[in-house]
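Some notes on the structure that comes next.
As written, the chain order gives the labels A, B and C, with residue 1 at the start of each chain.
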Amino acid sequence: MPEPILKVDSVTKCFGGLTAVNNVSFQVQPGEIVGLLGPNGAGKTTLFNVISGYYAPTSGSITFKGQDISGKQPYTLATHGIGRTFQVVKPFAGLSVLENVVIASFLRYPKRADAERHAWQILESTGLADRANLSAASLTLAGRKRLEIGKALALEPSFLLLDEVVAGLNPTEADRTVELILQLKQQGMTILIVEHIMRVIMNISDRLVVLNFGEKIAEGAAAEVAKNPLVIEAYLGEAAA
Amino acid sequence: MKDKIIRWGLPVLFVLIAMPAVIHDTFFLRVVTEAVMWIGLAIAFDVLAGYTGYLNFGHGAFFGLGAYTTALLMMKAGWPFALALPMGGVMAAVAALIAGFPTLRLKGAYFAIATWALSRAVQQLALIMDITGGPDGMRLPPFLNPQFFYYLMLAIVAATFALLWYLLEHSPFGLKLKAIREDEQGAMALGLNPTKLKMQAFILSAVPTGILGGVYAYWITFIDPASTLGDLISDQALVMVVFGGMGTLIGPVIGAILIFAFKTLFWAYLSDFQLLYLIILGAVIALSVVFMPNGLWGTLGGFKKKKRDHENKLETSLEARLQKNEGE
Amino acid sequence: MELLPQALMDGILLGGIYITIAIAFSLTYGVMHIIDFAVGEWIMFGAFAGFYLNKWTGLDPFLLLPVVFVIFGLIGCLIQPVIHRVLSGSKGNPLLMGLVFTFGLGLMFQGLAMTVFGFYSNSTPSMFSEGSFFFEKFGFSLTISTVRLAGLIYALAITMALHYLLKKTNFGLGVRALALNKDSAGLMGVNGKRTGALVYGLYVGVTAMTGVLIGCILSVSAGMGPQYTIFAFFVVVLAGMGYLAGVPWAALLLGMVQSIFLIYFDPGHTLLAVFAILYTILLISPKGLFGRGV
């Protein structure tokens, strides 16, 4: 087995008396798409925020490419190669679509002209080029979610955290986004994805990690996990199990 | 955009340089000198308020710190003006570090409170210290050369404008600040360190303000807490920027010229009603916020931009289609 | 040393009335997410209202408190929709604009007051103004002026009333829900607009009432506002922004600092001391003395 790109090792995150993530461990191999699954309030977004540096873990550690990154700031992690999107998409509304991506491009291309060139490429590949000079506030939800992915990609990350980038889109838009994610996988990107839409997550993930009440209750291939009684119980309630 | 500023900026600069040779009226020169100073104070204020989204209600304290530093070094330490002046900028930077360090990590409200409280504390300090002359203020050796001060003020403000134009409108720095203004959390995920950027912006705003204070002290030859540390400086800078248009460089320039012209006329003809001026300042701020949140420049520019946006949309979609065709 | 008990007692009596301002101020911050730079000016207007109403009607300022509360409460309710409009604007940075707006309002009020009331300093006479209690024990002597004691009783009554309002009524439940989460409170049927206006009205009313008392205990002048704005900031930052339970302690501390400087040092240094404490707190514990602010 190759060295994992991400190692989450018994991570716990508490807010006051509330334990949002409890002793969760898993690993992500390079080039893999891992789906993070769980009912509302299971701690998925909290875990995302811990991995991407927005919260420091209360205990446990996170290793990225062999380096302990627990408690490092998000902007440091971006330079290490971690890109992320936000569940509640908030583009820089006062700026244009192009400027939004240019800002992200500065990380790898500190000169403005280079950053702009790079941003145009990103816009082409995410299908936003025709809206480049519009205000980001004028985008539809689908456009905003695409922009969110575009900004993360402009960082040229080696590891991508996608937080519900498909939810809320109509079927055509959803298919296009799934296509984009699969393209990224082909290019060798490693992805950890949170998604509510089962059809999507079952299809694109190599492996699933399932959380419930902040704890990991299952891990494995999609078909296996779907049969796991604990998972069925978490989703359908006790009676079904 | 860069061409535009050269096309418009250079002729304006030329007119300003040639002006004293044509107009010999000293009162007029004095008014223009002060107007130029206010342009400098307004654009420096906008670095934080408009570009970064942080309100420095103690802008006047940095001006006063520069004025007092320059005056003290000249009078008590015998420094020449040319050396004392830059120290005014250095002191302002130090004050920005001190005020910014605890507060720029926090929400904007804390920063507004802290800078406002700081300006009150600095006023109080100047009032009770012996070395500053307390409420009586300080006198500097008179150097009565209006042209010298006009050109000095012009040079400093033009250099500040050019520097801010380059940093805020041309280099990545300005866009990064805007990202912080729009969404600090989101900006962090893109590799931006908000605290560091905000501190840089604060210093960038404070240094020219302090230097202008130093020039002012030597020009007017008399400083006291009421005139150089009073709230009026912060209040006027705020009015100019909000009224002119936040988040641009042209907006504050327009705001500074209009508000300063108004102030000069008001004090010339209605000097018995000085308190009315305060009411008008407050009313202009409040009304601008409610009815013209983008300021004069933003509101005027907004119409043009809408049209341009529409044209851009057509153009870019055409371009994209052409490129696509080429690709196939 | 023999002055220390007196200084502490004065501090408690003075700090008590700051509690009322800071609670209302903190509440407004919790619901509207802006701090009001005009807070000191509301105190100033309240103080003048007390002064002139007393002069015209001859009624004791303590009896005038409900009148002042109603008048200023109405003014607050009328102004809040404008602030709400600024804060819900889609353009620019609404929170920043909200700050700018209250700052402009404060400036306007200051100019207005100086124009109308001039530069004189007065104080409002009350039936409690003259009397005082005097204690002497263990070699210490302690004077408690009746008006300050009455002020403290007022403060306790207002604090308890606000506590009751917040914890026991439906209105209070709505306010707390709004402070926690604007969006979901709206979904639960809390009328954000109306609640916001009422909270702001409540805040302006309480602040103006406290202004009346400050006019009785200390003084009334057109330029008094900014000092109290700083005091209000001091108390809410020390308490932790939006953390109501911290307010009384921070207010009492402010009262102590003020009275100790009045007795032992130069009162002109009070502001510097206030700033130094404020700065230290921001440096080491920006969430307030108890680390519970937001």
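Definition applied: contacts are C-beta pairs under 8 Å (C-beta built on N, C-alpha and C of every residue); 3 or more make two chains touch, one makes a residue touch a chain.
What you see is a predicted model; the values in this text were computed from it and never measured.
Colleague: Look at all chain centres (mean of CA atoms) and spot the one farthest from the centre of subunit C.
Modeller: Relative to subunit C, the chain whose C-alpha centre sits farthest away is A.
Colleague: Closest chain to the protein CA centroid?
Modeller: Checking distances from each chain centre to the full centroid gives B.
Colleague: Between subunit B and subunit C, what's the gap in Å when you average each chain's C-alpha atoms?
Modeller: 33
Colleague: What whole-Å value do you get for the distance between subunit A and subunit C if each is reduced to the mean of its CA atoms?
Modeller: Chain centroid spacing, subunit A to subunit C, equals 46 Å.
Colleague: Using CA atom averages as chain centres, what separation in Å is found between subunit A and subunit B?
Modeller: 41
Colleague: Can you pull out the residues of subunit A that are in contact with at least two other chains?
Modeller: 94
Colleague: So which stretches of subunit C touch two or more other chains?
Modeller: 92
Colleague: Can you list the subunit B residues in contact with two or more other chains?
Modeller: Those would be 181, 247.
Colleague: Which residues of subunit B touch subunit A in their complex?
Modeller: Residues 170-172, 175-176, 178-179, 181-183, 185-193, 247, 309, 312-313, 316-317, 320-321, 323.
Colleague: Which residues of subunit A touch subunit B in the complex?
Modeller: Subunit A residues touching subunit B: 52-54, 73-75, 78-79, 83-84, 86, 90-95, 99, 102-104, 106-107, 110-112, 115, 124, 129-135, 151-152, 154-155.
Colleague: In the complex, go through subunit C and note every residue touching subunit B.
Modeller: Residues in contact with subunit B: 29, 34-35, 37, 82, 85-86, 89, 91-93, 95-97, 99-101, 103-112, 114-115, 226, 229-230, 233-234, 237, 241, 266, 268-269, 271-272, 274-276, 278-279, 282-283, 286.
Colleague: For subunit B, which residues count as touching subunit C in their complex?
Modeller: 49, 53-55, 57, 101-103, 105-106, 108-110, 112-114, 116-118, 120-121, 124-125, 127-128, 181, 231, 235, 238, 242, 246-247, 275-286, 289-290, 293-294
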